[in-house]
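Working notes, beginning with the structure itself.
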């Protein structure tokens, strides 16, 4: 029962990713894609949590945190690139 | 069904709810008209979805293995800490990169400040 | 530097939690403290602001306010997304806050952004004017403004 | 087994290279240290080589983990001959660099990169683990990427993009082959691989996998797949080009020999025939290329290609004599190719021109240099008693023994083309009326000519003194020809 | 005690010292010192003549590369004695001559250095018993000849001549080397003596004939046999002493020597017989025929040398037939040809050496060797004239001169061969006397040309740059000595026969017993025999043809210069140069895509091709692990993301899609129970994305690629093909379940390495070495990026070296 | 599962190959990135998928999934990261100096 | 209107410390749980990357006045040095040892040379990643 629910949840998360992927492909703007990518990252976090339960392991809990960190960093980078064309600035540029 | 099993089921349902939230927010980023509204859906609903699924997992591990996962807690905190910043930065970038608001937007008080020349 | 000291404790605490041990051990805490010393030593130039333990309580209160706001307005968004026809009128409006200082402004902006229906798009260079994008400006602007006031008050309880 | 000394050819250059990073502003110190390091390594290599003659193949299990579980270095005569020659040649190229590379390069970690390069090269020769070979390749490749681009001239940037992309692709094929190999055989240790292949027979699948390895190493060796070579060897500064010309293809050649004598030697009618065809075509295309251009560096580059074809004839034929011949030839070629590239670079440095028809009569301005060109011409053409001769005889002998007459013909005809292509340089640029008046004469720097003369001495003494290395070479060929020797040395101790 | 080894080494030692001596003693002509070398050696060799004549041989061995059977073994016997005496004797005379010929303004140290080098090499060739050592010296003679021809290398003709000589002789040498290796493969020995004793067992060996042909190629190229003779006329760019020494008396005789030396090995074989005698005959004819048309005296002599070498070669071929029969009274008759060959070898060196020196004198004193500008020199240069006439008449084969004797023996041998009953000689044998006679007619004609066009007829001082005068005495000594020999040998031929030729015959027919039986007594008059009639015929017809030269000379015009071998050589080189550029440029396009296409195609063809051909593919999906819906969806996500990359309109989209791929892989790493991988993949992917964005700040966005649809289709086919091959092989590997992986060992990581994370234990301990190197890789990349950005080429040093 | 993953690998390889054959340097670099994704999956798949537990001894009991391929992939990931960083910089440096990101314009001179 | 990054910078201040702590944790605990020198190093590096993203080069450099090339070099030296270290004890190159100690404060603790090795790895990774990003960013 629990397992069935979990697999259903995984499938739903996967479907979310598919939809987000469609947005990435369609765009139309770069921020649209960035939003969708961020969304994929967040969904992957959920998936890892669920898979951890399914596999009965704690080995992937680090990955959850890491993914959170990295989705954040990627989003910042992409936003800055979209906004300024440069992602690491010099003081003079500021 | 003992208590633990019930709680586990509850955790699983929490996760299921999270996944449903997640699909809904995905629908949002398909249906909503512009990047700004989509980012609402993405940053909020999916944050909530993550919150639900991580909490579900946290409960599951706690009940099933008697294990309090700080990493999961930290994960939740982290998502909360960063998701709004991401949303803020993306929409700001979009606006500054001149991504149009949807046509049926009513007010735009930012336009005058950022792009006064486009009046 | 009390703030640094606090932060150091924070890291040590974090460290202890990360170990995922069955019981809380002072030794682990101490180990984390040493790790914290190293990190803070490396990063100390970053640390300009101060931090006070006694505001923890207000902080928790703030979190609760926030969560209830979040839950309430999430439903709203879901309703909007799932409604067969999208009937929303998005828009950008401004809000001038009374909060001052990086931490206060940031906290408010984050809370605003996290609650559905609003995203803080810009903060003016002076740091007192928010440009907020609302999902449906007619329906949610009032909600947003109500939330903002609540949040501002709660934040000030923590910081001042 | 504990022979820590055999890790030194890899670890010393790495550590010294890193230390030199700290000594960035002190160019003179960097020079001294890097040269001393290379000389020391040559000494160590010689010591190891001699030790092998008395104690047999040496092996070092890193971390003490016995094969096939850990990584290990295996030093047999075959590997050590490569190592020894590579280190000596590198030392000499360094001397050339001292007076040619320029301080801007020296301050941009030139010496560390060279040391990393040689570390990767040495590691590739010594490792007994297939995946570690990949890693050593990458050490060498990364260093070579940097060295090709070092200086950032347009041509360098242009050619290095091609060089890097092609090598990325070949590294990818390497990983694919490793994935298949591990999937099929479940191990990475070369000796263990050999044992397992022998156990079940080299069926069609394993042969297929071996062909992927063949492609990978051929790309590195410039066997048939040499398109990347002429471009990337003709753009970097001379000392680097010489190192490349002397060393880089040899690593691929080494890997080909190792793989197809130790592991995949059961289906020669497929693999070795393919190698033979590739070697033949390489010889032909190399020959055509060597006479196609007037740019000295291109001529030199295609000569590299020809040599690769020649050496691989020895593997295709795979008799003990031919293997021995290939080893002699490789040693010779490292020395002579380094010399050729140094000479080509020196010609360009002296005249500012790259084409042989624009250069003339250098012997009148630089007689010693001119004669060095003649020596390298004769040496590469295999004219005795210079070093190319012995290898040629033995490869020929092997080809005759196995009845590979087409390869025999191509291999020996290629010598004539080599002679012709280099004689063109000599007659057109060295002989003839001088184009440089005494006032315009650019002084030939001491370091340049010294290193060229040292290599000339090398090629002469390798030929005249062939007997001094013959013991090592025949031991090396013996190990190649009898894989059990290697396997016994690696796996024998713990069964 | 004389040491042959010493004889070989001495010239090399002195050659190495010459530059230093020259620097110290600028005031004397260094030739005087150098001359001591051949004189010393000649004297030393001469002292051994009696003992060698009595059948003694001298062997010495020093090891060089004993592991490979390559030892420095010197061997002095009758055959090598002849050549040794020629090398040192003519060498002495040539050096003496050169002292007057070359002024001290020339770079004498080079000249004498090369000359000594050559002398040592040549002695090495003839005294070596070991084939490899012989080969070493053989190539050294080519090298020193190259240097001597290119002595005046500022002249283009010198350089081209040198190149031609080097290419042809070295090529032949390489062929010969292969032949030697084949002999070694057959007999297991590099020693000529040993091979001779054991070759009988291998005459049916598959390598016997190839080895023979290859050795002959070496001999023919060196001895300028048709069609390889073309280098010799161009070699006349060398200073005349060199021509006299290398290109008539010694080096070109090395091929002859080789054939003689190998007669006991290959002789008696039909192919050997026909090849050697046939090529010799053609060369004889072709050389003489072409000599007639030459207007440059040196060129004329060059062709004449070609022709005479052909003569000797063909004689050796004829003589080899004796070995087919084995020793008998009849077969001894055939050995006469060989005897004649050796005899003519010596004679030719004397008269041709003299003639070259004469021509050199003319050239040196008058500044030209063009017979159209010369004439009537007899009165001004009486001594030169005398020597010239003696040489020419001897070459023409007229009595009173040694050429007559050997020429007669040559005719006799060609007639004799018709009696042989093997090798189809009953029917074909007739061609030998016919060609011999025709060639001799032409020989007679060009000898007359030398005499009449140079020394007789009208003087043409207006065509000369220098006044007419006799040469200095010093220059004349050498030719005079040679012409004395020409005459002397005619009168005392049997002295030569007994002391010099007899032991040489023993070398060539070692199994024929007492060489005295093979040594005929030489007589100028032996009755009216066919050979005498032939000689008379030559003189009559030759005189006639000389008289009518103007009438029939246009015949040469009929030979289109396009079809000469010279033209073939030149066309071949220019064809090679131009076509090779076209061919190479065709595939070396400089386009990365092309190179990658080659690689992919090679992969698809070899790996895919063999995979199918060998039937290695056997799909079996039964062992697959269970699959979940969400996994299928994720696979779909990755596939779609990947394909979408192809159609991405902007690089950012593509980069983000790559990010999707990277994150999805991480989730697969999770599904496949690889936590460390998942972590690493996530971080690396994100940092990579950051790097892409950083780099994008410096790069333009990509434009729509304007690629022809044909290219697109090719790319698509290659892509699908590569993917397919990877998939098919992977599926086969998946089903290949023969071995347990070694990795169960690592499951004891906690006991062995104190780590519970097996992957980490592998990375940090079991395979820590990989990790260490991987860090180095990373470090190099980081440092490399830094240098690439900070170190930039300054303007203007794009082409030159730093 | 393995078969499906291998098919996916095939698609990745095909896409990567197509990208690598492009004229634009960034497409080529992205192609190499996809290539490395593909081969990492390949190593893992052929090393045996899902045949055991997570290779952490603190976690569960044997059998563990094969840890060696994981270690190898880790090494490969880091190396491909290093190479990607290098070639990215190389690409933009070439663009800065030569002024093109079109590989067809990087032919070089074969003027003979 | 000038961009005001106050939100980003403020959050980064917290986040960076979390990441750094997590990075050190991953690095140290890698021997028994997922993590290790590489991942730890990469995570530490990403913390610094985050700093660069949210601040400007000069500010970060002022706070972290290190030559990251030399940091990387030290890392490589440390990693290779542990290998060399085993030579001094007569063990094969790259031999790692581990032992359990009862330390006064930490209790029963496993100390292993792998940790030193991995520290080298982590340092190198941090150094290299930052060097690369800085070099590109500083390029005009």
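All chains are identified by letter, namely A, B, C, D, E, F and G, in their written order; residue positions are counted from 1 within each chain.
To be clear about the criterion, a residue touches a chain if its C-beta (ideal position, glycine included) is under 8 Å from a C-beta of that chain, and two chains touch if they have at least 3 such contacts.
Just so it is clear, the model here is predicted, and its values are computed rather than measured.
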If you apply the touch rule, which chains end up adjacent to both chain D and chain F? E, G
Count the C-beta contact pairs for C-G and for B-G, then tell me which is higher. C-G
Chain located farthest away, centre of chain E as origin (C-alpha): C
CA centre of chain B versus CA centre of chain D: separation in Å? 57
Rounded to the nearest whole Å, what is the centre-to-centre distance of chain A and chain C, using the mean of the C-alpha atoms as each centre? 21
Length of the line joining the C-alpha centres of chain A and chain D, rounded to whole Å: 47
Between chain B and chain F, what is the separation of their C-alpha centroids in Å? 31
For chain E, residues contacting two or more additional chains: 581, 585, 588, 590, 592, 596, 671, 673, 675-676, 678-680, 683-684, 686-687, 690-691, 694-696, 698, 726, 730, 733-734, 741-743, 746, 756-757, 759, 763, 765, 767-771, 774, 776-785, 788-790, 792-793
Mind pulling the chain A residues that touch 2 or more other chains? 10, 13, 15, 30, 34, 55, 57-60, 62-63, 65-66, 69-70, 72-73, 76-78, 80, 82-83, 86-88
Enumerate the residues of chain D that touch no fewer than two other chains. 14, 18, 21, 62-63, 131, 135, 138, 142, 145-146, 149, 152, 154-155, 161-162, 165, 169, 176, 179-180, 182-184, 188, 231, 292-293
Pairwise, the chains that touch are A-B, A-E, A-F, A-G, B-C, B-G, C-G, D-E, D-F, D-G, E-F, E-G, F-G
Can you list the residues on chain G that touch chain B in the complex? 1, 3, 7-8, 11, 14-15, 18, 22
Flag every residue of chain A that touches chain B in the complex, lowest number first. 1-2, 5-6, 8-10, 12-13, 15-16, 19-20, 22-23, 29-32, 34-36, 38-39, 42-43, 45-46, 49-50, 52-53, 58, 61-62, 64-65, 68-69, 71-72, 75-76, 78-80, 82-83
Which residues of chain B touch chain A in the complex? 5, 8-9, 12-13, 15-16, 18-20, 22-23, 25-27, 29-30, 35, 38-39, 42-43, 46-47, 49-50, 53-54, 56-57, 60-61, 65, 67, 69, 71-72, 74-75, 78-79, 82-83, 85-86, 89-94, 96-97, 99
Residue set of chain G touching chain D in the complex reads 69-70, 73, 76-77, 80-81, 83-84, 86-87, 90-96
Could you pull out which chain G residues touch chain F in their complex? 32-34, 38, 128, 132, 135-136
